[in-house]
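For clarity, chains are labelled A, B, C and D in written order, and residue numbers in each chain start from 1.
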Amino acid sequence: MSKKNKEVSKSGKDRPSNASKAGATIDADTRIRLYRTMYECRVLEQRAYDLFMQNLVKGTSHLALGQEAVASGFGTAMRPDDYTFCTYRGHNHTYVRGVSMASILGELMGRECGLLRGKGGSMHLTSVEHGAMGSYAIIGAHLPVAAGAAWSAQYRGTEQVSVCFFGDGTTNIGAFHEALNFAVIWNLPVIFVCENNLYMEYTAIKDVTAVENPAADRAEAYGLESIVIDGNDVDVVYETAINVFAKAREGGGPSLIEAKTYRHGGHSRADPGKYRPDEELQAWLDRDPIPMYRERLIDLGIEESQLNEIESQCDAEIESATEEARNSPSPPIDIALIDVWADGGASWRN
Amino acid sequence: MSKKNKEVSKSGKDRPSNASKAGATIDADTRIRLYRTMYECRVLEQRAYDLFMQNLVKGTSHLALGQEAVASGFGTAMRPDDYTFCTYRGHNHTYVRGVSMASILGELMGRECGLLRGKGGSMHLTSVEHGAMGSYAIIGAHLPVAAGAAWSAQYRGTEQVSVCFFGDGTTNIGAFHEALNFAVIWNLPVIFVCENNLYMEYTAIKDVTAVENPAADRAEAYGLESIVIDGNDVDVVYETAINVFAKAREGGGPSLIEAKTYRHGGHSRADPGKYRPDEELQAWLDRDPIPMYRERLIDLGIEESQLNEIESQCDAEIESATEEARNSPSPPIDIALIDVWADGGASWRN
Amino acid sequence: MAELTYREAVGAAIAQEMRRDKSVVFLGEDVAAAGGVFKTTSGLLDEFGPERVKDTPISEQAIIGAAMGASMTGLRPIAEIMFSDFFAVCWDLVANQIAKTRYMTDGQCSFPLVLRSANGGGSRFGAQHSQSIENWAMAIPGLKVVAPSNSADVKGLLAASVRDPDPVMFFEQKSLYAIKSEVPDGEHVEPLGVARIARTGTDVTIAALAAMVPRALNAAEILQNEHGISAEIVDVRSLVPLDTKTILDSVERTSRLVTVEENPRLCGWGAEIASIVAEELFWNLDGPIIRVTTPHIPLPSADELEDAVMPSPEGIVQRVIGLVD
Amino acid sequence: MAELTYREAVGAAIAQEMRRDKSVVFLGEDVAAAGGVFKTTSGLLDEFGPERVKDTPISEQAIIGAAMGASMTGLRPIAEIMFSDFFAVCWDLVANQIAKTRYMTDGQCSFPLVLRSANGGGSRFGAQHSQSIENWAMAIPGLKVVAPSNSADVKGLLAASVRDPDPVMFFEQKSLYAIKSEVPDGEHVEPLGVARIARTGTDVTIAALAAMVPRALNAAEILQNEHGISAEIVDVRSLVPLDTKTILDSVERTSRLVTVEENPRLCGWGAEIASIVAEELFWNLDGPIIRVTTPHIPLPSADELEDAVMPSPEGIVQRVIGLVD
């Protein structure tokens, strides 16, 4: 379980070279944790998909199946008091901060056990207690908000870091531009992470963007370093995260990371994602971050039985979480009329 | 300033070398026209300032004294059916399209002879007849609108070009980012001209911007060439304009130009501009585009008497325009209640 | 007469107008190749080609700005904003630029454009994808505002919006997209600014819009059958121009007014109509003016919660009984 | 009691609160070194330093977003949007994010922030720098909305807004900035949600806000002196929460209501108040409810034109006479 990761490169495969470099500094416990986290995210969202198909998740749902390495790598590198700001595609980003599976599934299903008791839904998972400061569903909005949380941390002198996840399509909206410039001139401890999964909803990012790397090719416009990473390699993600967190905590200011990844499924709901070429999809399925990492761990000498054990634990967890959420009642109707205001009420008159 | 300013021409003045190169292709008539246009702009806005100080211009007024080379160079290079989109600091950009001095002063003074009969005011000069498609007073809005006019020209196949003028401060607002990306991906015949006068209202652009050249250093973020020019040298401006117009008309797509310049006065109204260092102001006054160009023309062999003659003509013109505007009555009150709708009315009910 | 879904009527109207007039162009996110996320515009790309039917980046300010610039230079653009909530990211272009520029330029510029969007709740999308923002638009001088309740009106009013020389905000109620109803064959254009009496009645006038129209009709059935109350339903259809004549005529006959709004309580269009009636028909009224609205809250996501707060037929019935009894 | 201008009262309130609470920070365009384009915040940078008083780029989304993120993580930001018209460029952050997130998160997040802005017409700035947008804000659940008419209220209500745990939109009427009036000495805080009877009267209630309050008072003088009509003036002060009690009590006594709004006609706050009275006090009313508003047009720039369209004391007098006679 503690074979040195130098041997990684020996095993060859299509693993980027910086992955093995990353490997050099990551200890085995962390690697196990990274693997477990990715696997948990996977079963969580597969279950969300099943529940959607059973019409138990209403409205909509946006899955990040295939993108687990980003959430897991960053989530694992965070300090408990750091802030996460993410999008509607934020189940994993919320989960990795320590939120329970049942409260996520419960929210998707509009149950009382839901994280927001059904008031927010799939697109708005939030757990302030865990530093998960919200899932934002209107493109671009949360980039300046994340900068604001970083400003607050800077002012309060807490060394907290604010991390903001968003998609490739988000790089073409005005708020992206304003937030990046703002974060740089105030030297804020905020990390902007673009998960470039090549598509917006049904339209390819390359068809509507003036540059090839929609985030990284704009970094210089804000005086930032251009950083593109393999978002399917959790070691790379984790190590990148460690570096930019350290920089932010030391007063080194913001970073912008573009992580190349891919969603296995469609954009939302029951979208089959047919607008994507078969070969492209296949190539990315072949680079599924979870089996890829499993293989690497085994190459590194971690016992397969240990991984099997983790997987069975997760499989059991998701079952009991599903049961809990399914058995949770509908939220009491009267909560619809509370908490517009901080006094708990919703009244606009006396 | 820009790398293009390094060489000094044989006249020994601080004239950029590309200016004399530009001179090589600009004929004498055009040069005279450029000079006359700059001079007209100058007397027009000096008069606007006087009228403001006499309380005959109400509300506000934003002058471009010192920035005349940009409006004159671009205006002279335009085809009559090209489109101009400019800002509240747009008197010159409107004037150079052929609009009369009296109708501009009349609008500033809220008189019936005003271009908009007092309904728009100083910040909204527009003359569709002359291709002056409006002066926009909320930062950033007109960049996508100019792109839209370019899209229309492209669709209609007219080879019209849309030119959009804006300030340095405008480069930090979201609409800038959206418009640039949009123009590039649709390959639109639009020219974005940033008049970098170093200040927003009272705050220096360098204090709030992550890069040194707020427009040009972002060009690459849209796959565009980074172009910085001396905005106080009308030859440079004119020649640059000729080049980017040709490119746009040939289907070569958009350009982004950053023209370094300076406003001699304050931001608006009676602002004395005291937030600017004396030496900075003096250095730019020494590079006033009008005397600088006058000197060059004389060096090039144009008779000073011809220039004197032009100046007296303009001085007379502004007097008679002032008289016309002063003598124009207040607009009839009932025009306040027309032209909300294309049928001429303002009614929201039957 | 063919039966079309509300969704199909959208595409039919756009196609009808694009066939007629080459200056009509259409842009938005995922509208071309994908046919729109609500599948309202499938087939348009195939028929009209990529010069006229265009996918855009996620850049709502650029979308609306492009439509504005194109409309003032000879085109008649239709722009889609996917969910009406997203107008908030481009409200400057809509409310400050498009709406005001004709007036500010003393009538020099025209903006013959249509801004279409999926509006309203009932689809469990949560507070940021469920708003009814027709009152935001109504509050801005210079915008026409249309919100149809059925397929025929979608087709006729959207066609009229495209032909209109002024900017029109066209709100499609997303929970109605799947509903089928009859649409006249052939070219169909319905004038803007005319309300429709969706049901005649004598005891009370109920003014409703979009998804609230079927709910009000449903309430009227219950009122008739269970309470012997005869309700007249006015489908307002167009908030600007507002057909005050039809509304005032109806209230003059029934002497009672109830408005049913989907938007949250404060400053909804029902308040405007209430204030018009309270001024102009005060002496004809036989009782207070009642507004049924969503409470002044963001919409919750869970189905039971959302259903509990939006105006329902039962809720309307209760308020009408209270008024008429 | 000292006399302060409305402008000075703004700075005094911010300084009072920044002295009291280190978590209060302030940001906006040209607000620090220059002291604000309306010179409302001169001196704050000197007293509180560049960590707490911050100049920003022209990036309204970033300004409001930063305030939101800071408020949900322990600070109490005050953000200035230079002219209220510019809220249109950042309306998503205000209306969709700040206003809704407490509700959507089941109460997990708080947003103790103030968004201040110069609102309203009368300064010949044209249609894009003169709007009264308090009704835009009132229409959004989750926002508190305040608009003071005098220096004492500026100071007291702005202080209360800073202390309030919810987001407050604080609208300063720019044509009032130069007006002096008395402000209590020492710490001054005035609760939100309480209307003020600015003048007592018996024949008619006139509800007004901000710059319309002095105009209504002026009208009341004329009505008293020239027409023997006694008007009660209610300075609404806060649209959300709305002090319906004070308004309804007054109308109960006078039996007549006139609202005076600066915002354009459709969906203004006066419509909301009219609809409340038309429902809850219908049987007490002795006549129609009258709304005096700016017509439903963008504001023109020229002085005579602008004066002609905004509500004036004379215009108010005419409408009241028509009602009371």
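Things to note:
Simple rule for what comes next: a residue touches a chain if its C-beta (ideal position, glycine included) is under 8 Å from a C-beta of that chain, and two chains touch if they have at least 3 such contacts.
Worth saying up front: this structure is predicted, and the values here are computed from it rather than measured.
Across B-C and A-C, it is B-C that has more C-beta pairs touching. Most remote chain with respect to chain B, judged by CA-atom centres, is A. Centroid to centroid, with C-alpha atoms defining each point, chain A and chain B lie 46 Å apart. Once the centre of each chain is set as its mean CA position, chain B and chain C turn out to be 41 Å apart. We define each chain's centre as the mean of its Cα atoms; on that basis chain B and chain D are separated by 37 Å. Each of residues 116-117, 119-120, 124, 138, 140-141, 172-175, 178, 181, 185, 207-209, 335, 340, 346, 348 in chain B touches at least two other chains. In chain D, 56-57, 59-61, 85-86, 88-89, 92, 96, 103-104, 126-128, 141-142, 240, 266, 295-298, 300-301 are the positions where the chain touches two or more neighbouring chains simultaneously. Chain B meets chain A in the complex at residues 172-178, 180-181, 184-185, 207-211, 217-218, 220-224. Chain C contributes residues 85-86, 88-89, 91-92, 94-96, 99-100, 103-104, 126-128, 135-136, 138-142, 239-240, 263-264, 266-272, 274-275, 277-280, 282-283, 285, 287-291, 295-298, 300-301 to its touches with chain D in the complex. Chain A makes touch with chain D in their complex at residues 83, 85, 115-117, 119-120, 124, 126-129, 133-134, 136, 138, 140-153, 155-156, 162, 174-175, 178-179, 181-182, 185-186, 335, 338-344, 346-350. Taken together, the chain C residues at the contact with chain A in this complex read 29-30, 33-34, 37, 55-61, 85-86, 88-89, 123-129, 265-266, 295-298, 300-305, 308-309.
In the complex of the two chains, the chain B residues touching chain D come out as 58-60, 110-111, 114, 116-124, 137-141, 169-170, 172-175, 200-203, 207-209, 275, 330-331, 333, 335-337, 340, 346, 348.
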